[in-house]
């Protein structure tokens, strides 16, 4: 049990312990004080880079957790940083919320689940922590006791359950008689599984719900904004990444060529990218726009995944690109959410100008402006496109334009919006730290050094610059056009909800009809079998017959008949 | 009669004798009655531990009493019976504590605890029965001893529920008796032996199928297979401890346990499969799973919704046991314990809510989480377990059932598992959501004592909730029900 | 009359005569002593049979054919014990009841005399002697009924007598024909000679028909029901419990020892059909009788059906089953009658509605009724179940699926009419019903009898060994 | 020839008595019929007593004696009960098999 192992265990157990401790009245104050710092062990474990592996035979079907490969480390960095920033931000932001304790319980539990699923090294414990995160997050989404939050919570729960069940089916079919499987063997198992296509489909859809794949994304623009700002940051930063982590862990990238699945991912990815932009631009609330921006960004990741699935040779490159892209997106998006939170409530004067400036920096970074870590992420994606022909590159650039459009939309909404000026001090520090970390990503990208030179060479700077400029230009041109359109957040969700309501009405109607039919049948049977009137006549008939039998004469006759029958029977 | 031979009999007597003694206690000496009850429960637990250690080491304890020409009364403690005995022994101790608290100051408590102990003794008899006739004897005494508990409240509605209960269970008993008599007439004494005893009768398909149908119909009444389940929701009119231990655990499990015995130790899974009866039963079980969940969706009363949930969940055991497959068997048998723990927690919570806040309807639970946090945490854990969310008990068994289904290639079982999980979520999660995130229409009545509800009621709820989490989380340990089920499957089902 | 058998008959006979002659207080003591002594004699006989097997005692040293031979085999021993248990406990109930010392003085000789007649019947080894003892038991029973409550007790007694007489005389005619044909009266020699000749067949038919009337097998069942509902609890217990079974025991002796298998196998189905009719008809009627005693009376009619089912099945296990039903129903119906007596005295009437909310005001009689009811509906762990199990299993073994089905349905109907009584006890007590709780509510004897019925069910091994141990040659 | 005559007359008496005992309305007629029934059987018993080879067989006579004793006592009992009925016939008041209408059955007897 090396120091790293202890750190890994602490990373999961500490937030969980604090979450539970808050429930106990006597420990509540101490636990609430400690709550914001529960993500520290994970942060330290992420930074120190040492490998660790802890195996607990007793837990579930034999749980193993630890940091063993680069994917785990990158996701650990991402998750720890986002949760730390969110918790630090929430320390002041939630200070006066009456339901503070409940928020911290659910935040700690969700953090523990999120960190747990990153560190999990076997299928059963991965699913365990994944579920803990999913159901914990409901508490964050439905935290604010308003009608929208309750609706958002309901939508989130339904989609989350759908995702859970898809994954349960996928894991059960995948694992089969082996009951449990180390994660590093999972891709090989998926490749060799007799039901490979079914399992891959279930995995894509199951994790797609969390990662906001097209059509499955409908809960995201409704749930993320409904949560309090720190929770939104965590949701869109760390939890979306969990979906991508699921794909990276289970899909047989580089093991077997799945052209069909690859094409679907590619198409879905770009569809999500452009659809996200088209709907996001029309939104009124900056947080909803950011949510749609996440859908769009994840579209790129899905596309990259599609490339890896289609041609196994590009897998290592694609994985590296996805890793860096997701890492960058998590930090940038979290910073943006926290930034908008501050910008909208910062008092006028220098604080507001500073907030807007910070917002501008992270917006540019996300849009992939030259010399920003966003650009670096875009470059790693472009490299992937090298052998896929010009179309892929063009699509990426178009995507960049789209991102810029969304960012401009966010900035304009933030600038125009006159939110209630916060009387309380604003949590500047965690936001600025996160922003710095995002920018610093350039200096020490955990993946590959040589990309850095590429960033500064003129060709890539130009290719990064023109989409951003074009985006800004289009934004100003189309300002008036956008004001007229008003697509409700969650777009397709409204359709789904109406269909869902109609379906539920049908199902409960059918069930109630079934119950009525069953009772009617039972009543009919009861009438048929024991009709009181018939029972009465039966009763009278039988007692009259009985009375007749008890007389002398009938008994004599019966006796005679019996004697004769007996004699005849044994002659 | 060595000492070992007396142990199974002692297990039955430790609840039968106190039960009879309690009848003669006057109403007012509660202290004596409670100590008698609790000491009997603890004594039984100790006995079960002693037997448990022996059985795990491979010994078989058997009490054989001369009964009828051609058949003895046999009580045998093998691994399968040990599982059910230990579940019942633990839950009897917990439910006795709960009942003492729940029935504080209500009339006829001596009568209640007398019949309560006798019905547990019958459950022990059912679990330990070594042959089909002994099983039938205790199966019927279970019916007789649970009837007074169903009608305990004495209201006309309770007596009507009792009538329905009797109509179903007595007819079930007659069917079971017919099946037993046919088999005894055809094959002499039917001792429960791994792999089944009806080998030489294989030729007479008609007789075997008829006997199987009669046996399963008789057992199906208590295992609440459709359409024989109607008595269970109606019997919810009984006091909470009765619904908790008996209708969620003892009585219902006696039916499922009986079906397991008949399929594995009378017919043998291979013969049953060759006869094609197991596939029919699997379909009925699957239909019950879905039907129970759908009906639960339509119930507004909390206890009736839990009752239909029991109807659905018990059929998991039947499904696991009837579809041929080692993992499925393990999943089915382990579910016998897991479902028992989760369901008893839910009924304890329902009892607490009814007793403390007078909540009976599902919609009255808004905001109950703030007023009774510990009860609602237990309810949430048990509900999530029923849905099959890791690391709780329900997940472990659903995982094994799924894995077993994949192993034998019957994918429709997975579809049933997923559908039932979604339906469970549909009728349990709204309750949990209202409890934690709803706003109560009127402020809750203040707490009477230091705790949210009497300690006698709160402790059992917490213990069973913790057990249903522990059983799931530590499923891989040697002493967990899952390990026991694996031992059973290996030692008894596929020797 | 040597050995315990002699005493088993003489003591109750002598006791009856002395009790009749003695004054009120003395007769109670004599009756008590006689009852205790007879029970010991019965136990003595059973012990000797269990140890040495069957034994024969020519009465007065006279050998057949003139002398009457008493013999004690397994069947006789178990029946002696049953009679001792039931009659003894009923006697205890009657004697313990201080408030009716006068009535007891009248009834003590009667039930002692019945006891003597039954003991004699069970051990007698001579078919004519069977007629005499059967007739004595009937006359004593008529006396008991006449001594019962209500103004029309004498009418019920006379009906009972006038129905019973033709039965026994038919039996006597059969005896006469057989003696005319074979010149012997003891079953051992008769068994060898009786063949399928016309007089033998006629004799068998007459004797069986006569005994069916005396045993009140369906459709000849209605006449004792009126008597049971009029008799006092003690009389009812003895009549339904023991006297009703006497004719069946005689028929068992005849079919076992006198008539050859060819006869019985042919007449079996006829009796089987009547037995099935008795089970269903008795149970159905018991379901809707407004009065408790009538329910028990019809329950006895149904149980007679179970007894006669042996004739249709014929196997040894079936006989053990039928005799077990004799034992369990004797104890159960006697217990139910005594319990009903106690309830009727407290409520003033014995209508079924009176039972509502009774469980707590009269716990002991109600508990006796519940336990005896369990045995009546043949649910484990009662002895009724053992009897029914043996019969049902034998039915399946001999392929009589229909009879098995009837017995099983009969069990369900029995459960229906028993729970119709028990379910009322849990309902709340209506306000207006006064209950006179007297100290000696007399439920204890009923409870003891019910416990006998349950105990026999838990450890039937002893009785079955005794039955087999000295089984008929 | 005579034993056959006695036996057949005995059977005839028995048959008539059996018919009358079930069909006679009045109590006394039934009791007389019962007596005749006994008489018939005893006549048959006496008839079969003649053994052509060994002369008269004493056993049937002993049986007849005992039979007569039993029959007389039964008749005496029946007459005593009949006297109490004073005119009401056997089937009077016999309206329901359970006689539910009659007065409350006060627990008089033990």
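As written, the chains take the letters A, B, C and D, and residue 1 is the first residue of each chain.
To be clear about the criterion, contacts are C-beta pairs under 8 Å (C-beta built on N, C-alpha and C of every residue); 3 or more make two chains touch, one makes a residue touch a chain.
Small disclaimer: the values here were computed from a predicted structure and weren't measured.
Interface comparison, C-D against B-C: more C-beta pairs in contact at C-D. With centres computed from Cα atoms alone, the innermost chain of the structure is B. Measuring from the averaged C-alpha position of chain B to that of chain D gives a distance of 65 Å.
Centre-to-centre separation between chain C and chain D, using Cα means, comes to 24 Å.
Between the CA-based centres of chain B and chain C the separation comes to 43 Å, rounded to the whole angstrom. Centres computed as Cα averages put chain A at a distance of 37 Å from chain B. Of all residues in chain D, those touching 2 or more other chains are 18, 21-22, 30, 90, 94, 97, listed in ascending order.
In chain C, the positions touching at least two other chains are 162, 166, 170, 222, 225-226.
For chain A, the set of residues touching two or more other chains reads 543, 546, 550, 552, 555-556, 559.
Listed by chain label, the pairs that touch are A-B, A-C, A-D, B-C, C-D. Chain C makes touch with chain B in their complex at residues 317, 320, 357, 359-360, 374, 379-381, 385-386, 389-390, 392-393, 395-397, 404-405, 408-409, 411-412, 415, 419, 423, 426-428, 459-461, 464. Only residues 18-19, 21-23, 30, 90-91, 94-97 of chain D touch chain A when the two sit together in their complex. The touching residues of chain C, counted against chain A in their complex, run 162-163, 166, 170, 196, 201-202, 204-206, 208-209, 212-213, 219-223, 225-226, 262-264, 266-267, 269-270, 274, 281, 284-285, 288.
Across the complex, chain B meets chain C through its residues 65-70, 108, 111, 133, 136-138, 140-141, 143-144, 147-148, 151-152, 154-156, 158-159, 162-163, 166, 170-171, 173-174, 177-178, 181-182, 184-186.
Listed in rising order, the residues of chain A touching chain C in the complex are 539, 542-543, 546, 549-550, 552, 554-556, 558-559, 562-567, 569-571.
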